[in-house]
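Shared between the two complexes below is subunit A, which has subunit B as its partner in the first and subunit C in the second.
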Partner chain A sequence: MPEGDFPLHALTQRPMAMYHSWGSQNAWLRQIHGVNPLFVSGEIWAEHGFAEGDWAILTSAHGEIRVPVARMDALNGKTVWTWNAIGKRKGAWALSPEAPEANRGFLLNHLIHELLPPRGDGLRWANSDPVTGQAAWYDLRVRIRKAPPGGPDHAEPDFAPIASPVPPAPGTVRHGGRTS
Partner chain B sequence: MHPAPSLILFTVLSGLGFGLMVWLGFGALVPLGWVGFVFWALAYGLAGGGLLAATFHLGHPERAWRALSQWRTSWLSREGVLSIVTFAVMAPHAAGSVFLDRPLPVLGALGGGLALLTVFSTAMIYAQLRSVPRWHHWTTPAVFMLAALAGGGLLAGQVAAAGPLFALLAVALALHWHMGDRRFAAGPDTAESATGLGRIGKVRLLAPPHTGRNYLLREMVHVVGRKHAARLRLIALAAGAVVPAVLLVALPAGHLLGALAVLLHLAGMLAARWLFFAEAEHVVGLYYGRR
Partner chain C sequence: MTALPPPSAKKLGLVIDLDTCVGCHACVVSCKEWNSQSPLGAPLADLDAYGAAPEGTFLNRVHSFEVTREAGPPVVVHFPKSCLHCEDAPCVTVCPTGASYKRAEDGIVLVNEDICIGCGLCAWACPYGAREMDGAERVMKKCTLCVDRIYNETLPEPDRVPACVKSCPAGARHFGDLGDEDSAVSRLVAEREGFALMPDQGTKPVNRYLPPRPRDALPEFDVLAPYLEPVTEGAGGFLGWLDRTLGKI
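Presenting the complex of A and B:
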């Protein structure tokens, strides 16, 4: 892949807090990590003239996303990254369409193809670790540009809500209150 | 700080009630019979009603009595104990005046002193907090006590004394705001000291500790409505202190004028107390890059 087209590395990892509460404490997790910005290095921040509150368009060979950016100086100059597993499609997890995860949260998934490029052997290989199946998040190459001002106040792509098989989540989750 | 209506009502009304008790207790006027009943009912009603309003602020009002045991370390506890002792000490003087035409000046004076101490302890609940630099200042008890004395004096019909007290209250309010605006910046608490990273250099927050709302942000980092602060200060200063002072000094005394001055003062003090809470910046906000 020509480096000039996609000069940056994009990384993503699950927040540590999620490992401490696998499948439970989701109200708590939502409070800690409800939105995620794209962290960009100081070098990229200066080069593109980003300011606090700006949005960027991040492009890979496979797709494009429009996301909020934040400056992080303790980062390799050619790297951008964000938390994985925060962004949700509207309606997923029985969340309301206004949930922060469904609006200001996003995933890098839209930039990553399921399959590796064709090799001419007639087979398409999965874009994941052959042993563990872990999707290949650490070889994603991208380019970035400042999003034109006046865009919507939510990350893109923005899909229609999916139907939830369970009733909508309660607006308030209480703990320790009287049950009777 | 979140300006809870129960706390605003409590501090303003009970301050007024205890202020009236100071004047009644020290015998600035000694109303007897039915007139005495009205005055004492007003004093007890305002002071006691305010305390009741304060217990509604608690998550578990039925546990309010437990606060009384912590008077060695807590100003809130002292306030509770002092208010109950004030009520008890004042009761024979009040009952004697109303039912027997026999005031008890010694108990009255003792009760008056206790009432003033109660207002002081209310103010100290806020003034003792190093974590809220705007409150941690002598102007906080000054405003609370002058408001109680001036408002109480007005209720007690002490026009000559209330006028100058209102003028002093205006000065105290102005000082409280003027100095309060500079307290946080002048204090030792910064993002550098909060994170302990100051020895490396200037700290810029990459991300808050959590992205959602929580109790701390709701109660301690309340920033809603501060944009109205300048206008509210003018209203509070004018209605709460300046206009009542001018009315009392310039115009002949009368019940109608007194009632107007009381209502103005009450409205102004409610605005001032709303500002007192809404403008208070807790240092915990440093962790969120907000105050």
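Presenting the complex of A and C:
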């Protein structure tokens, strides 16, 4: 793949809080990591003239997403990254449709095809490690540009809500303790 | 207004290592888990728990900062913050009911929720922002130093430390008697030049923080680079075949 077309590496990291907690996506963890901007190196930030509150279009060989950006200097100059597993489709996890995860949250999945590009041999190979079958996340190369002003205040793609298999979540949670 | 006891010889507190804290929040979550199930007080509530702006009570939070420096690459510092169990605790003296108090025997600052009226004066008085009003119970919540663990004889002895200390996977949190110069925590503070947070506030906090160690500097030349040059034409035998085959797909 020509480096000029996709000069940056895009990574994700699962928030450590998710590994160390008793529960998973619960009322506490979403207060610790409830939004996930795309962290952009100072070098990329300056090159594209980003300002706080801006949105960017991130493009790979496979697709395009529109996401909020944040500057991070403690980062390799040619790398962008975000927290994985924060973005949720509306209706998922019994979250309110207004939840930040379902609006400003996003995933890099839309940039990654499950198959490698065709090689003319009539076969399509899985985009995964040939030995373990693990998805090859760290192979993702992208390019970035500033999103045109006036776009919606939510990440794209933005899908219609899915029906929740569980009843709406309670407003106030008082986990454990004495019952009142 | 509530009086402080005479200074205690025993000063229980935490020593938090800003060098090894990786910001994983295990201490935040385990603190909330333990203290929500404690018979000492109401659970720590979460308002709008699954909505647009969730807001819950935490006794311990981690703030992460990025520091850009004149010399050397930028660094990220994770700063866990909870009650510092101050010797001159302004949150105690400001309390109109005696609900906020400091224990004479070990210096732990606690809230008696049964007589707390939720006026919030103690949270205003605390210069560290270490107290949080519970949104559902309307009483003041704060770090208890897990007083229901550290003296709890129903727990195995190694577990008689605060939940945050027990759960830290980086070993960045230490618990002990900072009034005893020979305790492990006091020795650690002396060795690593541990410091008190905002001493100018005059509250004499007991907890100490250990500063990040200086980062390694890059050498003028890369001493390892010569060793990274390919030294063979490639593996032979079965491994060589496997490598070539996998390289083709």
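By our rule, the second predicted complex is superposed on the first by the 168 of 180 C-alpha atoms of A that agree within 3 Å, B and C clash if a C-alpha of one lies under 4 Å from a C-alpha of the other, contacts with A are read in each partner's own complex, and residues count from 1 in each chain.
Here is the rule we go by: a residue touches a chain if its C-beta (ideal position, glycine included) is under 8 Å from a C-beta of that chain, and two chains touch if they have at least 3 such contacts.
The model shown is predicted, which means the values in this text are computed figures rather than measured ones.
Superposition of the two structures on subunit A shows subunit C clashing with subunit B.
When both complexes are overlaid on chain A, the residue A:163 reaches neither subunit B nor subunit C.
In the superposition on chain A, A:70 makes contact with subunit B only, while subunit C stays out of contact range. Touch criterion met: A:100 reaches subunit B and subunit C at once. With both structures placed on the common chain, the touch criterion links A:30 to subunit B and to subunit C. Comparing subunit C and subunit B on the residues of subunit A they touch gives the larger count to C. Contact with subunit C, but none with subunit B, is seen for A:16 once the two complexes are overlaid on the shared chain. Once the two complexes are laid over each other on the shared chain, residue contacts for A:131 go to subunit C alone; subunit B is not touched.
One listed stretch of subunit C collides with subunit B once both complexes sit on chain A; from 117-125, 171-179 or 207-215, that stretch is 117-125. In the superposition on chain A, the residues of subunit A contacted by subunit B and by subunit C overlap at 30-32, 34, 72, 100.
Taken in their complex, subunit B has these residues touching subunit A: 206-207, 209-214. The touching residues of subunit A, counted against subunit B in their complex, run 30-35, 37, 39, 70, 72, 100. Contact residues on subunit A toward subunit C in their complex (touch as defined above): 15-17, 19-22, 27-32, 34, 72-74, 93-96, 98-100, 125, 130-131, 169-178, 180. Of all residues in subunit C, only 22-26, 28-30, 32-33, 36-39, 41-52, 54-56, 58, 66, 68, 73-76, 135-136, 167, 169, 246, 249 touch subunit A in the complex they form.
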